[in-house]
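Look at the two complexes coming up: subunit A is in both, with subunit B in one and subunit C in the other.
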Partner chain A sequence: MKKSKGAILIARNNGRLDYIKQAVFLAKRISHYIQIPVSIITDSKDYLLDKFDSSVFDDIIEIPWTDKNNYNRLFYDGSLSHKTAPFKNDIRDQVYDLSPYDETLLLDTDYIISNDLLKSCFDMNDDIMMFKESYDIAKSRNEKEFKYVSDYSVDFYWATVVFFRKTPENKIYFDLIKHVKENWNHYRRVYQIKSELFRNDFAFSIAIHIMNGFDKGDFVKPLPGKHYYTIDKDILWKIENDKMLFLVEKEKYLGEYLPIKTKGNSIHVMNKFSLERVIDKVANNE
Partner chain B sequence: MSKGIIVLAQNNNKTDYVLQASLLAMSLADTNPGTCISLVTNDKVPVEYKKFFDKIIPIPFDDNAEDEDWKVSNRWKLYHASPYERTIVMDTDMLVLQDISSWWSFLEDYELFFTSNVYTYRNELVTSDFYRKCFTSNKLPNLYSGLHYFKKSDTAKEFYKWLELVVNNWELFYGMYAKENYPGRVSIDVSAAIVSKILDCNDTITNSKVKFPSFTHMKPKIQNWEQDSDSWQDCVGTYINKNCEIKIGNHKQNGIFHYTEDSFVTDEIIERYRNKLNV
Partner chain C sequence: MDERLEKALDFSNYMVTLNNQKRMLKEKYNESLVYFSSGCQFTVTRELITFVGFLVDKGNTEDIVLTDDNDLPAKIADLEKFYEDILDVYFTASNRYNSAYEELKKNRKTETLVEHEEI
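Presenting the complex of A and B:
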């Protein structure tokens, strides 16, 4: 029997950032570059149906709106501006159960697909793949933050992009992530994480470490391609098809930037405010 | 062909190396039952630990390190003291945490073997030369004598003859081969590296492409940490369960664990092994 496959995006607006807008934008790019159906998990279905073309989605999976478990965090918009907003990141562990697909590509809405590399996941034998290695497009910054979950702790894996098949082992893995999330204060202390803020990257990384028998291991295989990212102190300035223009913060010169162009690289754009401005520009030109 | 492990222990006024060797012997009995280990020492061995040693051997040819705190001047004698035809030499501050029988098979092809790759507690290859500036600046082979192997053979005998010569005349040899970052005191690692250079035998006594035989090296400044510390135990915890499985800061340890800090040997760890082995 042919296995169903598709991408899943999670969009829960927080009053400052429009994740629905980001998801609609990314869904179009996934359709263009990877040619797979895209479903959205959201607590704002009415808003999606009212304001956007929802036909870009194969399925809309509605979850109840809640402000439980929300933490406030800073969201930067370049190096000089930031806003505080709720960080609604606590349902990623449920994607295993919520996904309608046998083979799922889970993506953050701020991961801007610009090539077809992730299409090959569905042809590979590995049942779960994530990025571990990552590359800051600025090159000059300390990337150690994304090597370990903390200085003395375990390897860092990005929960930004996850490919998984529905297998009993992966079910255990997602249940384990849920357990880590539910006991976050315990796990963050055991894994020497100073911040109280729950982060999916950390929970996914800790669960991988446990699945690997508390050692390095190969429970999770690397995704095809490289994981490029820009931090939220950089600014996304322009997107034109597979080309992007960033203003990257200058080291030691607060508020000054260097332009960097990319072509054909999928990039994790952490400055979501600038991403939304660019999405608006693209929409206006369509 | 007889085979076994040998370890040299000489207590000083700070450290009970015989106790460390006994702990090592217990860890070996736990993970490699039946593997022989002999202790070379002039110190008294507690009666309850004697049964873990195949032989307890006095230091041959007098004690060259009698007046030293850093008692390494007798290390070259291990070749002569070993009762085995095939011998793995270990430091006392090590624990054997897994079955190493396959290592013996690998080592059959060698007459002498030194580890040249060691690992952090996170199972990452150590790339820092923080403690090995002398090696890099003088282009000495990166050998670790803390875990090495020899077969009684002409090759190994010649190597150890030279090692004796270098250790006993270290200032002369270090002046010739280790001028940069001059060690200031005798080191078996540096001395072995110099002998390897003199005999031009590095390619036949190590293999940087293999992961084992090797060990986890717990010196704090080579653990890929951003924060500086003089003691790894200030940074990550040690957890030992009833099965004597050890975790260091959430990382399960395998292979040979070189703990390097004397205070690692606590009553809890000793008791865990004693309970498991019914001592």
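Presenting the complex of A and C:
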């Protein structure tokens, strides 16, 4: 029997950032570059249906709106501006159960697809893949925080993009992430994480360490390509097809930037405010 | 500002931008050197090309086991086709890298470094 495959995006607006807008934009790019159906998990279905073309989605999976478990965090918009907003990141561990697909590519809405590399996941033998190796396109900053969960702790894996098949082992893994989340204060202490803020990257990484027998291992294989990213102190300036233009924070010169252009690289754009401005520009030109 | 310093700072910005673009071209090149076969990922290196070419020359062409990027074994049913494919991946990626790099070198201003179509 042919296995169903598709991408899943999670969009829960927080009053400052429009994750639905980002998801609609990304869904179009996934359809263009990877050619798989895309479903959305959201607590704002009415807003989606009212304001956007929902036909880009194969399925809209509605979850109840809640402000439980929301933490406030700073979201930068370049190095000189920031806003505080709720960080609604506590649903990712449920994707295994919510996904309608046998083979799922889970993506953050700010991961801008610009090539077809991730298409190959569906042809690979590995049942779960994530990015471990990452690359800051500015290159001048300290990348240590994305190598290990903390100074004396375990390897860092990015939960930004996750490919998984529905297998008994992966069910155990996602259930374990739920357990880690529910007992976050315990696990963050065991793994020497100072911040109380729950982060999916950390929970996914801790669960991988446990699944590997409390050791390094290959329970999770690397995704094809590399996880390129820009931090929220950089600014996305322009997107034109597979090309993106960034202004990256100049090291030690607050408020000064250098341009970097990319072509054909999928990139995690952490400055969501600048991403939304660019999405608006692209939409106005369509 | 002293004009001499201003010119030097402009050039400094140009050099940083040029080096950043060179870096991103190299990254793009490395990403383009990936080949998928038998459910496994292979990065096309000169070593892989030479080794596979050697096996093919010696007549080892069917059901050959290679190790992939994760050091896991992969049985390649038709090694001659695998060889042709990795050569194609290598030449396509290298030629694109070369043309983009040549274009990059022509740009003498910071603005044009990030405006050119090929880069």
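As a working rule, the second predicted complex is superposed on the first by the 286 of 286 C-alpha atoms of A that agree within 3 Å, B and C clash if a C-alpha of one lies under 4 Å from a C-alpha of the other, contacts with A are read in each partner's own complex, and residues count from 1 in each chain.
Quick note on the criterion: contacts are C-beta pairs under 8 Å (C-beta built on N, C-alpha and C of every residue); 3 or more make two chains touch, one makes a residue touch a chain.
Model, not experiment: these values are computed from the prediction.
Aligning the two structures on subunit A places subunit B and subunit C next to each other without any clash.
When the two structures are aligned on the shared chain, A:Y191 is found in touch with subunit B, with no touch to subunit C.
After overlaying the two complexes on the shared chain, residue contacts for A:G213 are found with subunit B alone; subunit C is out of touch. Of the two partners subunit B and subunit C, more subunit A residues are in touch with C. Of the two partner chains, neither subunit B nor subunit C is touched by A:I172. Of the two partner chains placed around the shared chain by superposition, subunit B is the only one that A:V154 touches, whereas subunit C remains out of contact.
Touch criterion not met for A:A85: it reaches neither subunit B nor subunit C. Judged by the touch definition given at the top, the superposed model places A:N125 against subunit C, while subunit B stays out of reach. An angle of 70 degrees, to the nearest 10, separates subunit B from subunit C at the C-alpha centre of subunit A in the overlay. By the touch criterion defined above, A:I60 reaches neither subunit B nor subunit C. The superposed arrangement places subunit B and subunit C with a least CA-CA distance of 14 Å. Within the complex formed with subunit A, the subunit C residues making contact are 13, 16-17, 20-21, 23-24, 27-28, 30-31, 34, 36, 38-41, 69-70, 100, 110, 113-114, 118-119.
Of all residues in subunit B, only 122-124, 223, 225-227, 235-236, 247, 249-252, 254 touch subunit A in the complex they form.
For subunit A in complex with subunit C, the residues that touch the partner chain are 115, 117, 120, 123-126, 135, 137-139, 218, 221-222, 224-226, 228, 245, 248, 258-265. The touching residues of subunit A, when paired with subunit B in their complex, are 144, 151-155, 190-192, 209, 213-216.
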